[in-house]
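Please find the structures below.
Both of the next two complexes hold subunit A, though its partner changes from subunit B to subunit C.
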Partner chain A sequence: MTKKSAAIGNEAPGMAPTIIGTRPVRPDGIDKVTGRARFGADVNLPGSLVGAVFRSPHAHARILNIDISKAQALPGVKAIITAEDLPVISEDMALINNQPPDFRDLSANVLARGKVLYEGHAIAAIAAIDEQTAHQALLLIDVEYAVLQHVVDLHQAMEPDAPLLHEHLITKGITPAPKKPSNIASRYEQVHGDVEAGFAGADIVISEEFTTQPVHQAYIEPHACMAQVAADGQTDIWCSSQGQFMVRAYCARLLDMPLSKIRVIPLEIGGGFGGKTTVYLEPLAVLLARKSGKPVRMQMNRSEVFKATGPTSGTFISLKIGARKDGTLVAAQGILCYQAGAFPGSPVRLGCMTAFAPYNIPNVKLIGYDVVVNRPKSAAYRAPGAPMASFAAECLIDMLAQKLEMDPVALRLLNAADDGTQTAYGVTFKHIGYRQTLEAARQHPHYSAPLGPNQGRGVASGFWFNIGGPSSAAININEDGTAVVTTGNPDIGGSRAAMAMMAAETLGIPYDRVQVLIGNTNAVSYSDLTGGSRVTFAVGMAVTQAAQAVIEDMKRRAALLWSVEPAEVEWLTGNAVLVAEQKQLSLADIAGQAARTGGPIAAQANINAQGAGPGFATHICDVEVDPETGHVKVLRYTAVQDVGKAIHPSYVEGQMQGGVAQGIGWALNEAYLYDENGRMLNPGFLDYRVPVASDLPMIDTVLVEVPNPRHPFGVKGVGEVPIIPPLGAVANAVARATGVRLFDLPMSPPSVHKAIKKAARRRR
Partner chain B sequence: MEYCAPETLAEVCAALSNADGPVRVLAGGTDLLARFASGMPRPSMLVDIKKLAPARVIRQLPDGSFEIGAACPGIHIRADKLLGKYWPGLSEAMDLIGSVQIQGRATLGGNLCNASPAADAVPALIAARAHCRIVSVAGQREVPVEEVIISPGRTCLRQDEFIVSFILPARASRSADAYLRMTPRTEMDIAIAGVAVNLTLDDSGVITDSHVALGAVGPVPVFAVAASRILLGSSLDEEVLQRFRRQVSVMCRPISDKRSTAEYRTDVTAVLAARAARIAYDRAAADIAS
Partner chain C sequence: MKKHIQMQLNGQSVEFLCETSGTLLHALRDSLQMTGTKEGCGSGDCGACSVMMNDTLVCSCLVLAVECSHADIRTVEGLAAGDALHPLQQAFLDNAALQCGICTPGLLVAAKALLDKNPDPTETEVRYWIAGNLCRCTGYDKIVRAILDAAQRLRGNASVNELQP
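Coming up: the complex of A and B.
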C-alpha cells in the first residue's frame, strides 16, 4: 500500500539504509508456523504435576472457612495452597519505588484473603498427578461463605450506600480526606488554563454523556506457566508473559523471596496486549512446586481468562467542549469515571491526559474517578485508558463539525497540536506528526470516495505517549562473523526482526547474519517489560549502541592487526578500512582472528532510554447500517499514523491493523454480560464477540514518517495508538450513516436498532 | 466413556440398544464435544455414525426427492450443486453454521438432535417439509422434522433410536426456498433470529404453496403455518408482505437473554421473514423464466 516515506536524516552521513525499511521474514516465523515454537503450556518436565485453581462462585462474599481436608485426602493430590501460604505483605513493602502495583492488592488478587471480590477470584490451588485428579479435587474443596451484596455497575458503585468492596478505602486526591470509606479509590484533577473563562468566550457548547463497556485483551494464548523449585530453594519459572523481569520481581515480592533465587525463562507469547504485564498463576505454581517438591504446570481455560484476568475498564464519561463560530476550540471540561475492577488502579489518569491531546485547546479541566466494582481487577490493555476518553472527545469533535457544517478533518486541522503546543497535562510537544496524518487522510482516495444509501463515513484521531525506559542488549560476534543479539524483551509484535535489522544495519552485515535471542533473567541485563510501545524504540536504541560498541572494538582490533592507530581505521558497510593503504578487513576476517587481538568479541549496552516520540493517528471508517436490523457493517477502513520511522513496515502495518480490529470489536460488539448475581454470562468467544476475519474489510494503512531525532533510526512507538481512534471513527460513521448518534458502546445490532426506532418514533 | 464407530446400520442399532447406561450419538461432534469440554456429564457410550455409509449419502431419488445422510458434513452439502439448485435455502442455512473449519464436521443430524431453538438448518428443513428416517433395532419410522424437537435440548427420539438421513420431498417446478438469519458476527455465531421460507408459484407467479419456519423465537423452532397461509394466492405484493410481517411477529415467542432482547428478536424476525420471502419468490420466479 501507499507509503509516504519522508526522508530520514539520521543514518550515517551519505549512507542510505539498506535493511531498515525492508520486509524480511521474521526470525521466529518458521518456528511459529510449523508449531515448533514453545508457548506457555509447552514445557514438559519429568514428574511434573498439574495445578488447578479453585475459584469463587460469588461476586462478593466473606470467606468464613476453607476446608481442604477432603481434597487433600484424594489419592494423587500432592499439594494444596490458600492465602495462608502467601506471606503477609506489610505496608512498607506494598510498593516498589512508590510505583503501582500495590503488592498487598496483587497478593489478595492471586489468592483471596478473607473476602472474595468477584466471581472467579482465586481462593485455593491444587497440584495433582494429572488434570482429572486436580479437577476432581477442586470439587472436594469446601468453602463456607457469607455472601455479601455485590455491585458490578459503575454508577451504583459510586452511590453513598453502595456495598463496599474494601471497608477501609478512603478516596485519595481529595482534601480534606473523606471520613467515610467508599468505592471511589481516587480522584484525579487535570487543569490547564481557565475553563470558565474559556466557555464564556465560546459561541457553541456541546455536552454529552458516554458509556463504554469493559473489554478483554482477548489474547489467543491463555495464561500458562511451569515452576520448579530445587531443594535449595532455587526456583525456575517458565512462562509466557510480557516481561520475564516483571515476573521475577512480582513473584519475589509476593513470595518474599530474594530476586536471586528466581530465574524466569521466557517462552513465546501468544498475544498480551497489556494483559500479560502482571502475574496470576506464577506465584501459585511456585508455592505448589515448593510444597509438593515437584515441578507444577498450570494453565487457565478461556472461562478463567475471562473471569479472573484483567479486562480494561468500563467507563462513564461526561464531556463538554466549547468553540468559536469558526471552529476554534476554546475549552473542554468533563468528568471521567473508570471501573478499576476489584482493586484500585484503573487507567483513568491516562484517559484524562490523552482525551484532548491531539488538539491545541487553551482551557481544559478534567476530573477522573477510579472506582472499584465486583469485577476482575483491570489490567493494562493497549494504550490503557485512552480509547474510551478519545471515543467521547472524538464524538464531540464530530458533532461540532456537523453543527458548524465543517469538514471533520478541516476542523481537526484548524485545532491540531503542533510542535510547541503545550498539552493540558503539561508536556510541550516536539517532533510530532499529527497534522501530517490529517493531511494524508484528507488526500487519501478513501476520503473522497462516494458513499451509497445507509452508508456513512467517520473520522477520528488519537494520541499516545509512547515510552522508553531501562533496556538492555548484548551482541556476541561468532568466529564466522555472524552476530547474536540478546535482549530481555519477549517478542510480541515482531521485535526480533526489528532488533536484527537495526543490528545488521549498524554493523553493515546482511540481516540473515544476525540471530536474536530473548534471554532469561540470569542471561541478560535487566530490561523493563514489553509494553508502552517501547521495545523498537528503547531496546532498539540499546541494540544500536551495542552494535556501535562492537564497531569501535572492530576498528581497534583492525588497527592492531595493521599496526596503525585506531583513529586511522574507518568502518564502512561491514568492513574495517584503512583508506590510506587501501586495506580492508571484513567483520568475519576480524572475528576469525579474534584470538590475536584480545579474544572473543562482544559488547553490551544498558541504558535508560529517553526521548520517546509521541504517536498520533487519524482513521477513516465507512460503515453501512441496515436500517431495519441495526446491523453495522464496516465497509472500508484506512488508518493513517505517524510512525517516526518504520523499521519493518509489514510489522508496523500489522500493529495498525491489529489495533483497528480490536477497536472495531470494542465499538461494535464486545461486552461483559452479568446475571443478577454478578456472574459472567459470556465467558467464551461465542458470546464475547471479538470480530472474526469476515467481519472486517482489508484495513488499509498509511505510514507517515516524521522521524524522532532522539532515536538513531527515527523510531517512534507504533503499537498502541492504532486502537484509540476506531471507537470514535466507527461511532461517527454510524451517526452519519443513520442520522442517529449513539453514545453508548457497544453499538451492537439490538442497540443500534433501538436507537433508530426511538428516533423514528420521535420524528413521527 | 466407551466409544465405537460402527459401519453398518445393524451395528449402530445394536450398540444403541445394548448400551447399559446413557448413550449419545456422535456425528460431527461440533456441539457434543464442546459440551463435554465445558463439563457436561459424559455418557457411558458414544456411538459415532460418521463411518456409516447410509448416513453419509447425498442423492436424488428417482421420484425427484433428495436423501441427505445425517452425518454428511456441511462442506459436502454445500458442494452438492444439484441439491443447491433445488434447495438453495437449505444449502445456505447449513453453510451458515460455524466457520470453514466447523463446516468440515458439522452435520444436519447433529444440528437437529442438539435440539437448540436457534439451529440454522432446522427451520430450513421444516420449511422444506423434510422428514427424518429414524432407525432402531425395532425398525424404521419417518417423522416430520418439526416434530423431532420437543423442548430445548430434547428430541422425540428414544435412547435406542437415531436419525440416519433426511428426505426432502420431490420439488414442483417454480419452487424455491431461502433462509436468512441475524447474528452480530458474520460467522462463528448463533442466530438471534432465523427464518426459512419455501414457496411454489404457478405459471402467473401466484404463490400456490408456502411454508415458513422461524428459529430462535420460541423454545423450539416455530413452524409458522398461519403466516405462510397469508402468502398463498398472492404475488407477494407490498400489502401482503406487511400482513405477513405482522403475522410472523405475532407468532414469535422469544425470550430476552444474553444474545438479544425479545423485542429485537421479534422485530428482526419479521424483517428477515419478508426478505427471505422475497428471495424465495424471486428464485422461484426465475425458474418460470427459464
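Coming up: the complex of A and C.
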C-alpha cells in the first residue's frame, strides 16, 4: 500500500489552525454507515402513488397522436400527463438572467412536444396506486409516430444534408447569420495573439485529430423524488439533487408557479458529478400530484438513467501546436466539435477555454462547435468540457516531448503558466500553484521508479476555473453553547465536515460541538447549487463570516454582562476575554445568559463569493499493456494537485481519487454504444462498464497547498480538476508502453490490440 | 394474489405480503420500510442492494421475495449492535471511505461477508471480492483501506491508522 498524502506548501496566515487540516469523522457519517440516511428514493408518505414515465422507442420521430384512453381506464390509474399539461413557455420567459438552460428546451426535454429527439425521450407520465399498475398502464399508452431519419454521429450531424433535429435552428456566432437551419447550434471563437505569426516562428508543428465518446456521470443513485400538492397549490418536493434552489427555480419556471408556492426538501444525494444540476422527474411528479390530489413518488431505473439523463458530450477535436527547438510553445490552434445531445448546450466553450490553460502560449486560436444529435441532452459532468479538450492538448504536449527527446515534466515546466500569465480566454492568473504541482510530481518517487516490459509512464496536467457565487449560511447558538450551522447546499462528498470544521475553527469551539444541517428552500437563504467546486470555498466563506458575526455579537454581549465597551473585549479560543480585568466568559457561559443580553443568539451571512482560486493538477500514470489482448492495466497512479488549503484532507484526497477513477473509466472503458436505429445498446452497468475495485490500484495523492488569499482559510475548489488529467495521462502511458499512440477514446482492448497489430504490420 | 411471507430479518421474525413477482429488495424497502438497502440498477450489476441470505451474499434485487420464506436475511441495519458500530462501520468512518454514501450499505454487507470467510485478506482479495459493488465517488482507495483496517481490528490488532506515525 502506498503512504498517506504529504502536504507541501505554506500554512494559511494568522494563528495556526487546530481543527482545519485534521481528519475528524463527518457529521453525517453514522447515518450513512447504518442505513439511516435518507436518499432520493427513501421517503414515502401515506397514500402515495407511484409515478412512471412512458418513453420513446425511437431516436427521432414526429408524434402524430397520443392515446391515453386505455391506460386511463385501467383501475388504479389516478393521473396521466403529457406535454399538453405543461404551460407553453414564451420566448421572453425562456431564460433566467440570460443564462442557460433554455426553459423551452428543458420543457420539451421533460415531456416531448410534437417530436421525440432520442430513444428514451419522455412522452407521458402516469401515477397509479402501485408500481405494477403503473407499469401495466404504460403498456396501454398508444402513441402514433412518423419515424424520421436520425443522426447520432457527430460528423454526420454536421453535414449539410443531415436530418434536422430542430427545423428552425440557425447557427449562432456566425456573421452574417446562415440562412439555412442546421444541427450546428453555435460557433464559438477564442483568439489570443496571432496564430499565423506564431506558427511561422515554430520549428516544430504537431497536428492530430482526436475523438472521445459520450460518457455518463453514472452516479449509483438513480434520479428519484416525491411531490405533494395541497389544495391551495402549496407544493412540497423531496428529492436528491445538487441544489434544492435549482429544483425550485426550474420547477417554478416550467410549471409557471411563483417560487413561494414550492418548497424543496433536499434529501441525501447518491452521487451527482454535475448530472443532478437539472430536473427530469420533479416537474412530472408535481403535475401528477396536482392532478391526482395524492403524493407521487417517482424513481428512474438504470436504463432510464442512461437513456434519458446525462451524459457528457462525445467530441471530435483537431488540434495543432507549434514550438521552438528548445521546447517553447509558440502557438496552438484547433477546432473542437462537441455533441450537445438533443438540445443545444454542450460545454464546448469550456473545452476551448481550458485546453491550453496550464501553458503560457502567446498565440492561440480555437473554434468550437455545439452540435445537436439524436442522443439524450448532455448534462454537466465534473469539469464540463475540459477532460476531452485536455486529452487532445496533453497528448500533443507529450508527442512534442517525445519528438524533442525532452522529459515531459521538464517541457511542461518550461511552458508552465505562472502568476501574471494571461490566459488565452482572457483572465490573468493570480496565486496559482501549477508549477508547484509539476515540481512535486518530478520529485515524487513514482516519477523515477523503474518500469518493466510492456509498461509505460504517462504524465498530464489539467486546469479548472472553480467558481464562487451566491451562498448562504446561518449559525444558531444553542443555550449550552453548541452551534447549528445551516446551509443551502447538498453534501455530495463530505462538505458538512468542512462546514463544521470552519465554523468550529472560527468560533474556537470543539468540532463535535457543531452540527450541520442542509436546509430546505424555506429554511435558509438562497444559495447556488453544489457544483463548480464551489461549496467549500464559497459556502465555507459564508459559514466563516456568519461565525465571525456570532463572535462580534458574543463580544457585545460579554461587554454588556461586564458593563464595559465591546471594544475592550477580545475573543480567544472560544472565550470572551477582558484582558485588563482578567475576566473570561465562554461561549456556553454567554449562551446560557442570552436572555440577559438580548435574547437568542444567531447570525447569518448571505454573500456573493468572489475570488475563487483556479485549480491545477499534474498526474502520473503507469500502465502495462498486454500485447496479446490489448488490455490496459493501470499499475500505479499519483495525482498531484494545488488545493489551496485542505480543510479535511481525507475528503480532498477522496475527490482526487474519485476523479482519477472516473477519468480512467473514460480513457479505457466507458462509451455509449448505439445500434443502427439510434437505440442504445448498453444501458446498464454490465455493458457500460465503470471501473470496479479490481480494475484499479491505490491512487496516491499529493496535496500541494498554495493558499488562496481570497478565502479565510486559503481554500481553492478541488472537486473537478482531478477528472481532467487522467485521459491524457493514461493515453500518454499507453503510447509509451506500446510505442503506438491512440487518438480515440476509449482505449478498449480491441482498439489497443488493433493499433498494436497495425503498427507491427507497418514495421514489417 | 399476494403471498404471505415470514422470514428472519436481522434476527427478528417479520411478516409481509408480496406479489409473486416482487423482489426481496422491494419487500425490504417498501413493505418493511428498511430503506438502508439501496437500489442502484435492479439488475445485479452494482451491488448497492447487497444483503446476506442464509449466510450467502446476494443482490436483493435478484432474489424474489417469495424465495425468502423462512430465510435468514441480514441487512446494513443489522450490522451495529445497538449503538455500538461494527468495526467495519467504524473503519469506514475513520478512513473516510464514503463520499455520497449510497454504495456504503451494500459495501459494508459485502465486506462483512468477506471478513467472515477470510479474516486476513490481501488487498487484491479485497478488490476482487468487492468488484461487484460499484462506487463512483471514491476510486475505491479508501474503501479498500477501510476493509483492511477493519480486518486488522477484528483480528484484535490496533487500527492501521493508529500504527501510522
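In the analysis below, the second predicted complex is superposed on the first by the 750 of 764 C-alpha atoms of A that agree within 3 Å, B and C clash if a C-alpha of one lies under 4 Å from a C-alpha of the other, contacts with A are read in each partner's own complex, and residues count from 1 in each chain.
Keep in mind that, in the parts below, contacts are C-beta pairs under 8 Å (C-beta built on N, C-alpha and C of every residue); 3 or more make two chains touch, one makes a residue touch a chain.
Quantities reported herein were computed from a predicted structural model and do not represent experimental measurements.
Undergrad: Taking the superposition on A as described, I'd like to know which of subunit B and subunit C A:103 touches: first, second, both or neither.
TA: So A:103 meets neither subunit B nor subunit C here.
Undergrad: Who does A:306 touch here: subunit B (first), subunit C (second), both, or neither?
TA: neither
Undergrad: By the touch definition at the top of the document, which applies to A:271: first (subunit B), second (subunit C), both, or neither?
TA: second
Undergrad: Could you look at A:750 and tell me whether it touches subunit B, subunit C, both or neither (first, second, both, neither)?
TA: In the superposition, A:750 touches subunit B alone.
Undergrad: Under the stated touch criterion, which partner chain does A:132 make contact with: subunit B (first), subunit C (second), both, or neither?
TA: second
Undergrad: Contacts for A:692 in the overlay, against subunit B (first) and subunit C (second): which applies, first, second, both or neither?
TA: both
Undergrad: Counting residues of subunit A in contact, which comes out ahead: subunit B or subunit C?
TA: Partner with more touched residues of subunit A: C.
Undergrad: With the touch criterion stated at the top, can you tell me which subunit A residues are shared between the subunit B interface and the subunit C interface?
TA: Dual-contact residues (subunit A): 685-686, 691-692, 694-695.
Undergrad: List the residues on subunit A that touch subunit C in their complex, please.
TA: Against subunit C, the touching part of subunit A is residues 1, 4, 23, 25-26, 28-30, 32-39, 41-42, 44, 131-132, 217-222, 268-273, 299, 301-302, 492-494, 648, 650-651, 653-655, 657-662, 684-686, 690-696, 698-699.
Undergrad: Quick check on the complex: what are the subunit B residues that touch subunit A?
TA: 38, 99, 182, 184-190, 192, 258-261, 264, 267-268, 271-272
Undergrad: Taking the complex as given, what residues does subunit A use to touch subunit B?
TA: It is residues 303, 628-631, 668-669, 673, 681-682, 685-687, 689, 691-692, 694-695, 748-750, 753-754, 757 of subunit A that touch subunit B.
Undergrad: If we count contacts the way the header does, which residues on subunit C are in touch with subunit A in the complex?
TA: Going through subunit C, the ones touching subunit A are 19, 21, 26, 29-30, 33-43, 45-46, 48, 75-77, 79-80, 85, 89, 92-96, 98-105, 108, 123-124, 126-128, 130-145, 148, 164.
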